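The letters A, B, C, D and E name the chains in turn, as written, and every chain counts its residues from 1.
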Amino acid sequence: MIEIFLGKYNYWIYITLMMIGFYAMIAKQNLIKKVIGMNIFQTSVFLFYISIAKVKGGTAPIVWEEAILYDNPLPHVLILTAIVVSVSTTAVALALIIRIYKAYGSIEEDKILEMSK
Amino acid sequence: MEIITSIKPLLIISVSLIAVLLIAASRKYPNLRESWTILAAITKFSLVVSMLPLILKGKVIEYFLISVLPGLDIKFRVDAFGIFFALTSSFLWIINSFYSIGYMRALKEHAQTRFYICFAIALSATMGIAFSANLFTLFVFYEMLTLCTYPLVIHKETPEAIKGGKRYLTYLLGTSIGFQLFAIFLTYNAAGTLEFSNNGILAGNGSALLLTIIFILFIAGIGKGALMPFHSWLPAAMVAPTPVSALLHAVAVVKAGVFTIIKIVLFVFGVDLASQLGLGHGLAYFASFTIIASSIMALRQDNLKLRLAYSTISQLSYIILGVALLSPDAITGGIMHIIIHAFGKITLFFTAGAIYVATHKTKISELNGIGKQMPFTMTAFTIASLSMIGIPPAAGFISKWYLVLGSIEAHQMPIVIVIMASTILNACYFFNSICSIL
Amino acid sequence: MNISQHFPVFVIIIPLISAVIIPLVGRIRRIYGWYVSIAATFSSLLLSISLLRTVFEKGRISYWLGNWEPPWGIEYVVDYLSGFVLVVISFITFIITLYSMKSVGKEIPEDKITSFYSIYMFFVAGLLGMIITGDIFNLYVFIEISSLAGYALIAVGRKRDALIASYNYLILGTIAATFILLGIGYLYMVTGTLNMADLRERLPLLYDSTVVRTAFAFFSVGLSIKIALFPLHIWLPNAYTHAPSVVGALQAATATKVGIYVMIRIMFTVFKPRFILEVVPVSQMFLYLSAVAIIAGSVLAIGQKDIRRMLAYSSIGQIGYIVFGIALANKLSIIGSLIHILNHALMKGGLFLVVGSIVYKTGITNIDDLKGLGKKMPFSMAAFTIGAFSMVGVPLTVGFVSKWYLALGALQAGKWVFVLVILISSLLSAIYFGRVINNIYFKDDGGGHTTKIDDAPAGMLVPTLTLASCCIIFGIAAFIPVYITRFAAEMLLGG
Amino acid sequence: MQDNIILRTVTRILIPFIQLYGFYVIMHGESGPGGGFQGGVILGASIILYAIVFGIDQGRKIISEKLSDTLNSVGVLIYAGIGLICVLFGGKYLEYNILPLGSAHLASDMGILGIEIGVGITVASVMITIFFETARRER
Amino acid sequence: MIDLDLILLLFLVICAIAAVHMKDLLSATMILTAYSLIMALVWTNLNAVDVAFTEASVGAGITTVLVIAALSRTKRREED
């Protein structure tokens, strides 16, 4: 297993991206920054899915007579669904942010928490 | 031993529950409400009496209600010991009902409907404890008794009453959930059943250490038995109106605790197992300590009800002592003491209540010369005191006699000395009260 | 044409369709949205019961969506476990929907009611989908549907605090869901399948693989956030406190329960019990975590002033109980856990509904202000008392049954200390509920108000009392849930 | 931005092409890249572009709140309805090749197409709704 | 090909860091858009045409529009 990880830098990149996103979601005080972090976080996981679907020498999984080796199309379908989910989450989060701004006049988490005490 | 199935135990328990509905329905009409209480009390007592002939013939009445889970049944069994207890409490309920009507009306207490409702439920629970055929049923009614007496304890709703009620609940719920329930879990895990049996159910199930732990947990878990150090709820509960103290905290609740301890020693562990493990003697010394310590405490109380409460603690330990000695005479003495103490202590509380109604005084030191104002009351007080001390021809003498015999039989001379010493202490504080009152 | 074979998919499709119909009919008259919700949840309940019966008659039901064979297509599975949870959840949602009309009408701005019910039905559909699906990716989708709907539902709370509570829940919930997605990816990477039954067959060969263990770790963390297991619980108290009453009840009674169900699915049917017990002894970790959760939840609940917040912390403790039984992983303890799922759904649902009624009538949420309510709202308060008793574990309520099984399970596993944990937390819950009940019944509100009986309207009272009486019915006739859960426990542990 | 003549003209010209492309992507879903979701997004994007350039209120005139809400529901109903029709014809839920359209292959194609259209409508209208909700000025 | 892939991936990381780091939220959003587009490119390289297409339209398109719309109604700058 270790060799596979070393051989495929995709995985290292996805972990790096994931950490960056995770950091932004947890440590950033600005609510929009959190949303940005969330997007990075989620897409990094999508990258991971796409990477595991890649077959060496395979072609895109579309109907094409000459192709012998397809890449696995299933993860692609899954990620399509996941992207839908991701954009819905972003939309809900943004809608919340707008209402939070209306109610508190700020989008910095620490200030909001202070106000709601 | 012949077993008869009859619905009577259930009826006896439900009588007062039905009365609860009627009482609640007629809360606007005090006379009707009180007559329901009286009616329920009389019905209950006569139902208990109607079972008596069969039991005296050596038969056992059983009624199986429902199985909550495999191994957890709600089941009633009436045997000689149980009906003994039931008879006492249901008889005293009748008397107590008349007394409480007078008491509550004289003092114009608030929330009387709640008072009578809780009282009726408490009696149901007491009957349930008396007739329970297994530990689970016992536990259910035990908890029910605790919960439904709480509103009675805090009846006055003064900060003092609520403080007392809090202590009452903390001790009783804390011990029963923390220790008793744990012990029940362990018992079920070891024995696979919770049914009471004449030979005990734990014999041969589990190591001596485990069984000792279970025993200790049970004894600690039955806070209603008021063994030290789990006694302080009883004085705290004395903030309740006097009828409550009289029937519940001198008869029903504490006797339920003692009754439970006896049931557990005799029917869960069994005489053989208990003596084999030496559990009885340990308990006996524990009880002896309580007897002496609480008698000394009683001596130091100035509040009449508190003094009676501490006296109750020591008298309860007599009963436990009797059972713990595990000899036939001692057990007889202990069980007899249940009744004798019940009648004696309820009389004493009634007189204390009567004094309160008449003079609004509670401290012994304030009661000088009241004997002349209330001669009949004080005669009753004196007689009951004599019984408590154990002076013949009062009934208290008989049970003490058996206890002494039993401890000699069990070769426990120190216990004999304890009984003697405590009798002297009893005499001290009762004569002290009588003298100051007269 | 036998229509009953399609029930597994109808259970989800009906709430889903009703969710999109509600905006249409709600335009005609607002109340129609509620009617549709009632109809949908009621039919889901009927379908669930019928499914459970079929399971008992014929065994496991498997439904192939689009008739594609399982490893490729999505499979819906009803077995003893999912049948049981399905009935519990659909019953609770039906009751809460029944309750919702007045409360929602009072707490939610009028122009949002229609979309509220629409989102509400999405939420329900997501939950039911999580229960019934046999495909691990489909599971993720349903988790997200219900979570997204859940965030939106919480955000419609009256105070602005609801917004930030919802937002924080969203962030943590998304992290959790993404972790789960990652776990799914890892499992798919090594096994090449997404079907739960298939995974169960293929995984044992790979138990030593780091990838599989990593996957399990991601599942554990993700699901622990979703169910608010103790150190990861921070989103829960605010979310429950500030959500509208109906949503609080729904979230507390169903959302975490389904999360735990998913946890059981992953631990026992995707992985085999051997994995969590022997290969990677995570069960030990969960055991201690849950013990801490039980105690910590109860202790924190004692310190609360707001009754909803108190119930929320109490939920954290109760979740600890359920996880505790799962982590012990013997038959008795799993029965205990499953009954506690039912139990907690009933009583916490009931308690939150009572709080909803109090808010509806008086607007009070502070425990100290509840004085004298026992006389004003006798029926609601009776329901509260029953729920509280059940929570403490008084015998003859369903709370006792689950604790009984959990304690026996702990004894069977030789873990005495944990019995003590259960008992101590019972005492602690007796303390915090005792405080409330004491306020309700035994303290006067200082005169002033008239003590006229002014209980919640029947539309709110009947559902509340139904839940309360269920607490007692299942406490006395405990053999019914035990009978069902015994099959489920045997199925989970068997091979 | 409403005064920028170049933007307005270019937008007017572009929008039909964008929409045509969106429809193409929806229809073409089963044999090439794309499908209902992506097509729906593109369709939604065309309306959003219009609203950005000509102003929100002008955009609302084209797609009113009522219409987009209805389309939300209708799209899902098409999706769910096709599934139910499959059940009516005796298949499993969403088993399109059971539909009575001659060959199973054709039935399957038509079924998928129907689903894609449903998804496309929903996605487009949801995108529009979300955009309008997010960008709406306080009244 | 591999080199291009690697470069793209490194670019992704840089974009991610920049997007998180930027104080100006509008700039951060634009960088996020760039991030999404690069991601779409990477996926095209990995033969996931479908997904790349979707990411390009959703991640780069809709998300950006929504975030900017949200920004226009809140604050543009992150506070320290």
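In this section, a residue touches a chain if its C-beta (ideal position, glycine included) is under 8 Å from a C-beta of that chain, and two chains touch if they have at least 3 such contacts.
Model, not experiment: these values are computed from the prediction.
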*Fewest touch steps from chain A to chain B?*
2
*Touching chain A and chain E alike: which chains?*
D
*Could you say which chain's mean Cα position falls nearest to the mean Cα position of the entire protein shown?*
C
*Taking each chain's centre as its mean C-alpha position, how far apart are chain C and chain E in Å?*
37
*What whole-number Å value describes the gap between the mean CA coordinates of chain B and chain E?*
77
*asked:* What's the distance between the Cα centroids of chain B and chain D, rounded to whole Å?
replied: 78
*Going through chain D residue by residue, note those that touch at least 2 other chains and give them in order.*
33, 35, 37, 130, 134
*asked:* Taking the top-of-page definition of touch, could you list the pairs of chains it picks out?
replied: A-C, A-D, A-E, B-C, C-D, D-E
*Report the residues of chain C in contact with chain B in the complex, numbered from low to high.*
393-396, 401, 404, 407-408, 411-412, 419-420, 423-424, 426-427, 430, 434, 438, 441-444, 475-479, 482
*asked:* Which residues of chain E touch chain D once you look at their complex with the stated criterion?
replied: 49-50, 53-54, 57-58, 61-62, 65-66, 69-70, 72-73
*asked:* So in the complex, the part of chain D that touches chain C is made up of which residues?
replied: 66, 69-70, 72-73, 76-77, 80, 83-84, 86-87, 90-96, 98
*Report the residues of chain D in contact with chain E in the complex, numbered from low to high.*
33-35, 37-38, 41-42, 44-45, 48, 52, 127, 130-131, 134-135, 137
*Considering the complex alone, what residue numbers of chain E touch chain A?*
6, 9-10, 12-13, 16-17, 19-20, 25, 28-29, 32, 35-36, 39, 42-43, 46-51, 54-55, 58-59, 62-63, 66-67, 69-71, 73-75, 78-79
